[in-house]
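Each structure below appears as structure tokens.
Across the two complexes that follow, subunit A remains constant while its partner is subunit B and subsequently subunit C.
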Partner chain A sequence: MDAAAHDTHDAHDEPHLTPYSVYVGIWLALIALTGVTVLASVVDMKHQAIFVALFVATAKSTLVVLYFMHIAFENRVFWWFLLSAIATFVIFVLLTFADYAYR
Partner chain B sequence: MSDATATPAELHGHEDHGHEDHEAHYGVPGYDPTASKMGMWLFLFTELLLFGTLFIVFAAYFYKFPTYFMEASSSLNIPVGGFNTVVLLTSSLTMALAIAALQRGNVKLSVKMLNATIGFAVLFCIVKAFEWGGKFEHGIWPGSDHVSAMEFGQQVFYSLYFVMTGFHALHVIIGAGLILWVKKRTLNGTISQERLVLMENIGLYWHLVDLVWIFLFPLYYLIS
Partner chain C sequence: MSSDTAMPDLPETNYINAEKGLKSWLTTIDHKRIALMYLIAIGGFFVVAMGLGFMMRLELLNPGEQFLDGAAYNRVLTLHGVIMIFLFIIPSIPAVFGNFCLPIMLGANDVSFPRLNLASWYFYIAGAIVALFSVAAGGVDTGWTFYVPYSANTDANVMLPMFAAFLLGWSSILTGLNFIVTTHRLRAPGMGWRQMPLFVWGIYATSWIAVLATPVIGITLVLVLIERYMGIGIFNATMGGDPILFQHLFWIYSHPAVYVMVLPAMAVVSEIVPVFSQKRIFGYRFIAMSSIAIAAIGSLVWAHHMFTSGMADEGRIIFSFLTFFVSVPSAVKVFNWLATMYKGSIKVDPPMLFAFAFIFLFSIGGFTGLLQGALSVDIHLHDTAFIVAHFHYTMFGGTGVMFFGAMYYWWPKMFGRMYNRTMAYVGFAMFFVGFNTLYFPLFIAGLKGMPRRYADYLPEYHSYHALSTVGSWIMVTGILILFANLIWAIKRGKRAERNPWGGATLEWAVASPPATHQFDGPPEVGEPYDYKIPHLGDDESAGSGADEGKA
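Entry: the complex of A and B
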């Protein structure tokens, strides 16, 4: 915990300044990925389509969380925070489907 | 305060004192942006469970009625949904830029970006209202005679569509109101370069709204 706090000591005193251009770059990537997911839906892939859509949506979310929501520059404790929340949700999904698929 | 910088001295003696107990100057015990953000993230996790649960329901029924879901999905307009996706992504950019500008002490640019974010939020809601309106004209709303006559799988699709996009639109409206509030506080100096965690937290909320739409759009519009 001490080490983690030390890690981002500077970030606490003076906020990490992300250049404007980085945000614009992330935005362009998000728009491009939206294009990819729309194009992919036109291609007839039957049941794989949903997985492609989810994969692209996950990639977009990762960009938003890391850069727009600053997780990439926050204190490491936010990583563990976020990971435990996602892990909890994944457990909900897995348990629900384990039950659902075999009833 | 159109001035580009707000010094701690200007913050001093502001009438908005005591709005929050931890209102104290930056660097002084009591102003703890990391703790504030942690509280915000905790709240966002409850939002993850709210929308996450609805996504699980969607997935379970999609698994059960894939054909009906795909048929119903094809009645949604992809260009309109895609346009709204671009609108929300752009609003996320302007929100992030508003924070970045204030971090550099540029109040003018920050307020401009907040205005743009509110504008995009309103645009999103107008487009969404027309989309829903179009569905209503075709007799499609939860429990309508037309929908009740459909296959059960399609009924579930439309019910979930209205509940989830409705919950999401509610978040957009609340978010726009919160950003308006942040703008007021930025203009009167209670949010400033030295103390901008409130803007950052409302920004986090706004990006969450964007995140939910990132999943809603492909799952509802693109599965046909």
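Entry: the complex of A and C
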């Protein structure tokens, strides 16, 4: 293994260090999104409330998965695992709605 | 080939006798020992569930109540289904033979996460204990599908079997995860994806289904418990819920689970057919990819269990189309097995007989499944004995048969002893004749309108039920002979050769039984279906196993 390859290998294996500021920022964002949920519960938005709830849930879980679970800094194979789970979920929901949407 | 020739005795140390005492087994992280622990547990549960099925057939011998009233029959039926599905068929081949063979076939000394592997076994045992405890707590009469609203309202304690299914689901997920990572990370140097044995491909595809679909059933069962005990309306229409949503969620897992059950069986057939034809597998890539295709498409057809439940027509048409589509990769496998046998040097040894039986019985099960995939026909057949026959032809005629096929194929490797061949033929013949006598009449009774899950019936169905019950006597006798032959072989069987069948995959290159660490170093990897590899043909050099990997 030549020196350059060795360096690349080491760099790849080195764990990613996330500054505290990022964690604090994510935490504040999660609190803000919780605030949106509380706000939505007191405003009468009728059917749109479901979209707000889904948006907040998606945004919060994305932040947690990317930063707290470290996926943003992981190897590509982990992305494939995550994407396969998301794709499976989306397909399940879409096919279920092949029933619900037409009832 | 024969076990009659003089063989050296068993290797002095192997994975079975490497350590002694119960504790050494209960704390083992050796994949082969864990496989044996699964085998003992799964085999035991199979015999229990078979006894329950036998009781049901006896009750149905004549019209009217024999010895089980309706409520007791429902409980026996539920227990038979829960044990057979969750404790036997789903884990059977992956947990036993996947654990034993997959790492060896890949040229590895163990799975990627050995401790997690042991934890999976404990999850399995915990789930089994809870399931059996539910019997002591009065039993459950919902059937293995736990359909709401009945399961949310019945007086029976459904929490226990549901919690058991939840624990067993965890076992499946952890085992699947282990196999996926092992397949990706622990292949021997030189073993690319196209050099992997087809058994590994089948287990790999199965593992993906287990990992992706099993969480859905876990969540669903928790939702039923929340509704039942906290009064939150999810599935109960009177509380604003939707009962059909339960069926969607249940079958999103449980139909792919059918492929969790049958893909490993197909994988075993893909190993046995080329070995006993001594011919390179026909269409390796197509068989490998068809496993992935079955896993993918099989996950999209769940609602064909619900054609009469009140779904929208559009949804039913989509799911009917997808159902027909999934038969294509299954047929690809069957055609490839037949093409492999064509002009091969076929040896009708016991494992090959089971493979023949699989192809015959699973084809009947598959074709009758296509009938139900047609919307109009399904309305007539739904919830009749026809479904019972179809289901048993696919699951028992498929996975159950190949569980025996796998045992008769790998037993000499697992224990280093050969079973009695004559008894194997006798047991198989009785099993095969009994199986068809038991289940085929149910196709006709179902077509004529005999409902499933009924403890009694009209006199016009008597002849079908009587014939079916006689079939159960023949089949159970055959199964007991098959089991007894294997158990006898462990102590009394003649020494088996290292490679008694002439296989070319890596498990046949290590000792029988293998050492705890079957490979000292990276094994030499060749084509898995090349039957002219010199080092695999003879047994004279068989040693302790530690040096076998370099063969």
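The rule is simple: the second predicted complex is superposed on the first by the 90 of 103 C-alpha atoms of A that agree within 3 Å, B and C clash if a C-alpha of one lies under 4 Å from a C-alpha of the other, contacts with A are read in each partner's own complex, and residues count from 1 in each chain.
One rule holds in what follows: a contact is a pair of C-beta atoms (placed from the backbone, for glycine too) under 8 Å apart; a residue touches a chain by one contact, two chains touch by 3 or more.
Here the structure is a predicted model, which is why all the values come from computation and not from measurement.
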First (subunit B), second (subunit C), both or neither touched by A:I50: first
Which of subunit B and subunit C A:V65 touches, first, second, both or neither: first
Touching partner for A:I91 - first (subunit B), second (subunit C), both, neither: second
Touched partner set for A:Y100, first subunit B, second subunit C, both or neither: both
Which of subunit B and subunit C A:V36 touches, first, second, both or neither: neither
Subunit A residues touched by each partner, larger count belonging to subunit B or subunit C: B
Footprint overlap on subunit A, comparing subunit B with subunit C: 77, 85, 92, 96, 100
Touching residues on subunit A, where the partner in the complex is subunit C: 77, 84-85, 88, 91-92, 95-96, 98-103
In the complex, subunit A residues that touch subunit B: 12, 15, 17-18, 20, 23-24, 26-27, 30-31, 34, 37-38, 40-41, 47, 49-50, 53-54, 56-57, 60-61, 64-65, 67-70, 74-75, 77-78, 81-82, 85-86, 89, 92-93, 96-97, 100
In the complex with subunit A, residue positions of subunit C that touch it: 184, 208, 212-213, 216, 244, 248, 252, 299-300, 303, 311-316, 318-319
Contacting residues of subunit B [partner subunit A, same complex]: 33-34, 37-38, 41, 45, 48-49, 52-53, 56, 59-60, 62-63, 66, 78, 82, 85-86, 89-90, 92-93, 95-97, 100, 103-104, 196, 200, 203-204, 207, 210-211, 214-215, 217-219, 221-224
